[in-house]
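For reference, chains read A, B and C in written order, and residue numbers begin at 1 within each chain.
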Amino acid sequence: MTQLFLEQALNGLQFGLMLFLLAAGLTLVFGIMDCINLAHGSLYMVGAYFVAAAAQAADSFWIGLGAGVAGAAVLGLLLELTLFRQLYRRDHLSQVLATFALILIANETVRLIWGPAPLMLNPPEALSGPVEIAGFFYPAYRLVIIAFGLAVAGLLYLLVAKSRVGMWVRAGASNREMTEALGINVRGLFTAVFVFGAALCALAGGLLGPLLAVQVGMGESVLILAFVVIIIGGIGSIRGALVGALIVGTVDTLGRALLPTLLRALLPADAAATLGPALASILIYLLMAAILFFKPQGLFPARA
Amino acid sequence: MAFYRPARWQKPFAFTVLCALLALPGLMEIFDQSYYIGFATRVLIFALAASSLNLVLGFGGMVSLGHAAFFGIGAYVAAICQQGGIVEGLLAFPLAMGVAGLFALLVGALSLRTRGVYFIMITLAFAQMVYYLFISARAWGGDDGLPLSERMQFAGLSLTDDKVLFYVALGLLTAIMLLLGRLADARFGRTIQAIRENETRMEALGYPVFRYRLVCFALGGAIAGLAGALLANLTGLASPALLQWTQSGTLLVMVIIGGVGYLYGGVVGALVLLLLEEFLLGFFAHWHIVLGLLLIGIVLFAPKGVAALFDKHRSQP
Amino acid sequence: MTAATNSAKNAPLLDVRGLSRRFAAVDALRDVNFSVEAGEVHALIGPNGAGKTTFIHHVSGALQADSGSIHFAGHDVTKLSMHRRVGAGMARSYQITNVFLGLSALDNVALAVQGRPDAGSSFRFWRPVRTEHALFDAAAGYLEQVGLRDKQQSIAGNLSHGEQRALELAMALATQPKMLLLDEPMAGTGPEESARMVELIEHLARHVTILLVEHDMDAVFRLADRISVLVNGQLICTGTPDAVKNDAGVRRAYLGDHL
């Protein structure tokens, strides 16, 4: 039991960290530009495809990851310059429509290029086996993902909390007009944040590729999880995104693994069998509702 | 955006279209195109669903991305009723509206305390919650959805006849459009449009803004539930795909194509989008690329939608 | 008459105690104690950025204070939302004109009448508003009061700035307030329109208590029964116009560059 718990907790941590990579870029785009981007999940999907395709071509996971992330960053740059720049000043409805359109285009284009079947992405040879920690075996590759996630989280923290650019970003998230008034190159800042967000998406997509299928539609479900993370954490807050992501990752993973067992102990087998999976699948949404009820602005609101 | 005012030609035009639609099933049978009765019914049902979103979005100014939840709930309530032996639409449809409306009330009560980007994300998340709830509930068919073994009745008439289903859908759409048209001009419509224009000002005039928004949101949810119940009858299945958030996106696209805040925006949008889908899909399997580019074009060049292009006297500030 | 109503009668209509509010680095309001007696015109003056609009926002309920209390007509309204305060008898106009630009002047005021509790609920879904003559008759009366009788059918967006200010006032009046909170009703109007507005406020003051924020000193000294001076979020003085004019602190902090 404790072993199962430890294993699932690690899985939850890993999932949470990947959600953080997705939510970090998104929460900044929402917070600083006040722009809703539904196509963030598409960047994640396209990024995963880039990584998978590049890894196949180069026959190396790591080269694929690097090339894929770079490719997604370039794509992000193009999107920002051509479309998003026009959207920042538009109303939310226009942003929803345009980015929804991007999802349609992205899904169909991917299908057109790579076909409907999922792409295979293999983890690096050296990491494909399990390693022993504290008396149980855990996939080495998942540990690497955790390490990656922690490293990026740490880097982001340093960047946002300590650097000059980070200061602008924080200022922008809490008061955009003020930032503009201070003469900071807001356009450049927006572009940089957007491109950075796109790169993080591809990184998450590439890292998760060997664990999940690289397929059309993979972006949509994960996008909504990223939303839940941001709602819980508070728009525009990196710290909120990290806390929210870890909460969502662990609660979801542990809920799915342990809730059915737990319910079996409490309820008649019949009721537990029907209620367990249903409850587990909506656990994070219930959590979100509860947090919203008490803190409508999320746990760490960036705007006062 | 200005307050809704119908163009002078709108009423006679709508009436003419209604008359033509009454003759449609007969004509289709004569020309041996009965397939299109089903297609036309589908258009009517989506027109109803899109119009319900237009009430929330166009008149109430709430950018909800979770509307498919209410649509889907309506479909599931119909399927559950049918399986449970309640086959009379006069009973099951109001029930579908009630359940969907109640759920909308709950979602609205939580999400309407927030604004802007937050509101959009929260409605989306709650809709996704419903989706996961239904696909993990084995009693309701899980991934496969819940089939209706047979279409229901409406006032004793069996809906198994495509023509009857068409007329019932047409009748209900007409009734709801009549209600929405009256509502837009009545106190309630004035109030929610004014709140859309300037929430703080309305608060400062003593209006309990939250309450009006909530009722508008729940009413939209209830009407979407009705559309869902009809769709379940048409397709014979309450499918989890109806609950997916992309479905909310599709409804939104319909409203925007048709014209946000125009009484018939949802109807026009549903017709245009479903026609495009029906005919473009045959030529080009990847027609979503075309649609996507079209939508981006609308956002950038015709932000008020197609209906606005035909509207002369709504150019006020 | 009982003692309770007696004391309520003697208590000020608006009583603000220890109101403080901080925005990030700015102390917009610092421990403000302020009251308005029923029937008076109380002017609140102070240099740009002193916190006057912020104060009005807190009194009207658009913003919530960090600390302090607000009593109105004998009730504690500190935690009440804006629409409840309007229900209790407060109405405000905005420094930046805030009317429904796409509606006619009459429709604007009718909307205000419709929001009144005695006009019934707005959960009416069937009857067209334009057939509710009571609303529009009442609205026309308020437009007449502010001198916009001839402009009833004009779209608000096409009115002159001064007319929009007057319309704003008519909307506030239509809520049948006990007290009007007027945030710079003269802002941006020409001398003629200003003079008309002063006359109008003078006229209104006979029936309703007024809290007036204004930069136009001629208007303030002509209209006000009492004046309070706000500087950097602090209330430095309250008194009759003469007392305020002669207050050394006020002269130093504020009036120096006016008188």
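The working rule: a contact is a pair of C-beta atoms (placed from the backbone, for glycine too) under 8 Å apart; a residue touches a chain by one contact, two chains touch by 3 or more.
This structure is a prediction, so every number in the text was calculated from the model and none was measured.
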{"item": "Central chain (distance from its CA mean to the mean of all protein CA atoms)", "value": "B"}
{"item": "Chain of greatest Cα-centre distance to subunit B", "value": "C"}
{"item": "Distance between the centres, which are taken as Cα means, of subunit C and subunit B, whole angstrom", "value": "43"}
{"item": "Whole-Å gap between the CA centroids of subunit A and subunit C", "value": "49"}
{"item": "Rounded Å distance between subunit A and subunit B, as computed from the means of their C-alpha atoms", "value": "31"}
{"item": "Complex contact set, residues of subunit A against subunit B", "value": "30, 34-36, 38, 83, 86-87, 90, 92-94, 96-98, 100-105, 107-109, 111-112, 220-221, 224, 227-228, 230-231, 235, 274, 277-278, 280-282, 285-286, 288-289, 292-293, 296-297"}
{"item": "Contacting residues of subunit C [partner subunit B, same complex]", "value": "60, 62, 81-83, 86-87, 91-92, 94, 98-103, 111-112, 114-117, 121-130, 132, 155, 157, 171, 175"}
{"item": "In the complex, subunit B residues that touch subunit C", "value": "1-3, 179, 182-183, 185-191, 194, 197-198, 200-209, 212, 215, 316-317"}
{"item": "Residues of subunit B that touch subunit A when the two form their complex", "value": "57, 63, 65, 110-111, 113-114, 116-118, 120-122, 124-126, 128-129, 132-133, 135-139, 245-246, 249, 252-253, 256, 260, 286-289, 291-296, 298-300, 303"}
